[in-house]
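Each of the next two complexes has chain A plus one more chain, namely chain B in the first and chain C in the second.
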Partner chain A sequence: MWLKFIGSLMIVTAGASIGFSLAARYMERPRQIRQLISCLSALKSHINYVAIPLPDALAQCTGGITGPVAELFHAMSDLLASDGALTPHSAMTQALNSIDALVLNRPEREVLSVFSANLGGMNREEQHKSLELVHVQLSRIQYDAERLCEQNVKMYRYLGVCGSLAVVIVLL
Partner chain B sequence: MGIDVLFKIAGVGILISVIHTALKQAGKEDMAHLCTLAGFAMVLLWVVQLLGRLLNTVQDVFSL
Partner chain C sequence: MNNIHNMLAQHIYPVLPPRLVQLLMSLPSRIVQQATEIRIRANQPLQLVMGQQDIIVAEPGQEICQLEGYRCTREDLSRTFQLICKNSVYAFEEQLQQGYLTINGGHRVGLAGQATVFNGAIKTIKNISSLNIRLAREIHGCADRIFPFIMEKKQCYSTLIISPPRCGKTTILRDLIRQMSIGKPALGIAGVQIGLVDERSEIAACQNGIPSVDLGPRIDVLDACPKASGLLMLIRSMAPQVVATDELGRSEDAAAVREALHAGVSVIATAHSKTLEELAERPYIGELLKENFFERYVIVSNRLGPGTIEEVFDCRQQKAIYSGAHEVRVCG
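For the complex of A and B:
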């Protein structure tokens, strides 16, 4: 009797934790995109008005932001500072692959990849235009991510708990 | 046969209805219907087994 009870409790806990972790992933994504937009806006100011080298600008644009997005920019800055032959695009790709806590999906990764390919390869006005384009694209992706978050967070929580309860009922 | 089967069926019904509502609110109507169908099939399997036992009992009672 007690063994059954403990087993059921473990199944429900496991199901609920899976549901809640999936929901947390959906909640984290819009937050990271928002932080990314904020960092890129700061980077735009650093490129246009301060005109400092790219590794320094990347390190300084994360002011006030903590977490995986700040780590991404710091990793990119470190990579560019340590290896002078590295292009911003390969630095961004390496940094994106090295940070596991990032929950960015394919669209925003593609936008970041295109952005980093254009970074440092043009004059200041063109980079300004490129950054504005990235800003618009990321805002659109953020809107979609927030809509998905509203839809899916509740669903994954309910599915986790109810699914595990259904499994318990079938096994009992 | 105990009354526990009835409670099991009731529990599955309640859980399936909650899952259906959650999926429907998330805009996944097709998955909601699929889930309801899966629950229905599961309960049907239990009921068919019980009906089989009932028919066997009837056969035994009337020595058919």
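For the complex of A and C:
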């Protein structure tokens, strides 16, 4: 009896945690996209107003932000500072691959990839245009991510708990 | 002896591709010691300029001065440009329009290539085909000879240092500023508050706005700021006794110098020319000479090497108060 009870509890706990972690991923994604937009806005100011070189600008644009998005910009800054021959595009690709806690999906990764390919090689006016475009694209992605979040968070949580309970009932 | 090697290792090698660094490091120390410029041209050999002459940098193991050395590739140039710009062309936009970049240590890198013109103005330079890295040197004491003619116990004379390019006038100006900022307590000369407008970041070699060379304790530097607006801004904001700047030439520079002198501030500046007579023929700056705005002119040449003081001319007395006809070189 106790064995069955403990087994059932473990199944419910595992199912619930899978459901909650999937839900957390849906909640985290819009937050990270919001942080990305904030960092890129700050980067725009550092490029247009202060015109500081990219490694410094990337390190400074994360002011007030912590977590994987800040780590992404710091990693990119460190890569560019340590290897002057590295292009911003390669640095962004390496940084995106190195941070596991990022929950960014393909659309935002593509936007970042295209943006980094045009980063640093043009004058302030062109950089401004490029950053404006990225801002618009990420805002759209953020809107979609928030809608997905609303739809899916409760569903995955209930699915995790109820699904595991269903498995327990079937097994019992 | 190690100074030049340290300087190259700190400032120059980090902006060069590994192949060029390897070639430069293989050169004998006596040659590197005399280097004033490194010239990199697409599909041409790497050159090292030493005062009036230059050498072609050969492959390691080859004799120096052979005509066929290592030929720099377009890739070498674009890599060097990328390293200098730190992947941040936008941060050097104005400098690129002027055809140069300044790297850490105050070394000026001249650029030649294909200009992109928009509405009659140069927007940028693309397809860089030549780079000239001019090695800036900090030589303490190279202004010793002229210092007593410019600073007295209670007076600092407005001075124009005149020389053709590559004669060491920026090096002399840098040391003169340092000495004026420190003063000469042994001679009873106190240091003065100096405002420096370093448009090309060559004199103070600022890194993040802070001078990386010794300019004494009484210096306020306005880095990468246009001379004309910078001079007036410093006078209003920092109340200096002396303002200093490099390479006067444009009409707005002359107007700013006029205003500074009328405001009761001494001006120390430099200008490109061989002689006073030639300088007087130049527009704008020539007018300053004709109207006797400066009190001292220091003529510098490279007759005996960069930094040879040919003459110190007193404008009030209209005569030379120092002649270097029999002197030896003091810097470079």
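General observations
Keep this in mind: the second predicted complex is superposed on the first by the 172 of 172 C-alpha atoms of A that agree within 3 Å, B and C clash if a C-alpha of one lies under 4 Å from a C-alpha of the other, contacts with A are read in each partner's own complex, and residues count from 1 in each chain.
Everything below uses one rule, namely that a residue touches a chain if its C-beta (ideal position, glycine included) is under 8 Å from a C-beta of that chain, and two chains touch if they have at least 3 such contacts.
Just so you know, these numbers come straight off a predicted model, no measurement behind them.
In the superposition on chain A, contact of A:Gly121 is made with chain C only, not with chain B. By the document's definition of touching, neither partner reaches A:Ile141: not chain B, not chain C. By the document's definition of touching, neither partner reaches A:Ala42: not chain B, not chain C. In the superposition on chain A, A:Ile52 makes contact with chain C only, not with chain B.
Once the two complexes are laid over each other on the shared chain, residue contacts for A:Ala85 go to chain C alone; chain B is not touched.
Which of chain B and chain C touches more residues of chain A: that partner is C. Contacts of chain A with chain B, set against its contacts with chain C after fitting on chain A, share not one residue. Note for the complex: chain C touches chain A at residues 14-15, 17, 79, 82-83, 85-91, 93, 123-124. Across the complex, chain A meets chain C through its residues 47, 51-55, 57, 80, 84-85, 87-88, 119-124, 126-127. Residues 151-152, 154-155, 158-159, 162-163, 165-166, 169-170, 172 of chain A touch chain B in their complex. Touching chain A in their complex are the following residues of chain B: 8, 11-12, 15-16, 18-19, 22-23, 25-28, 39, 42.
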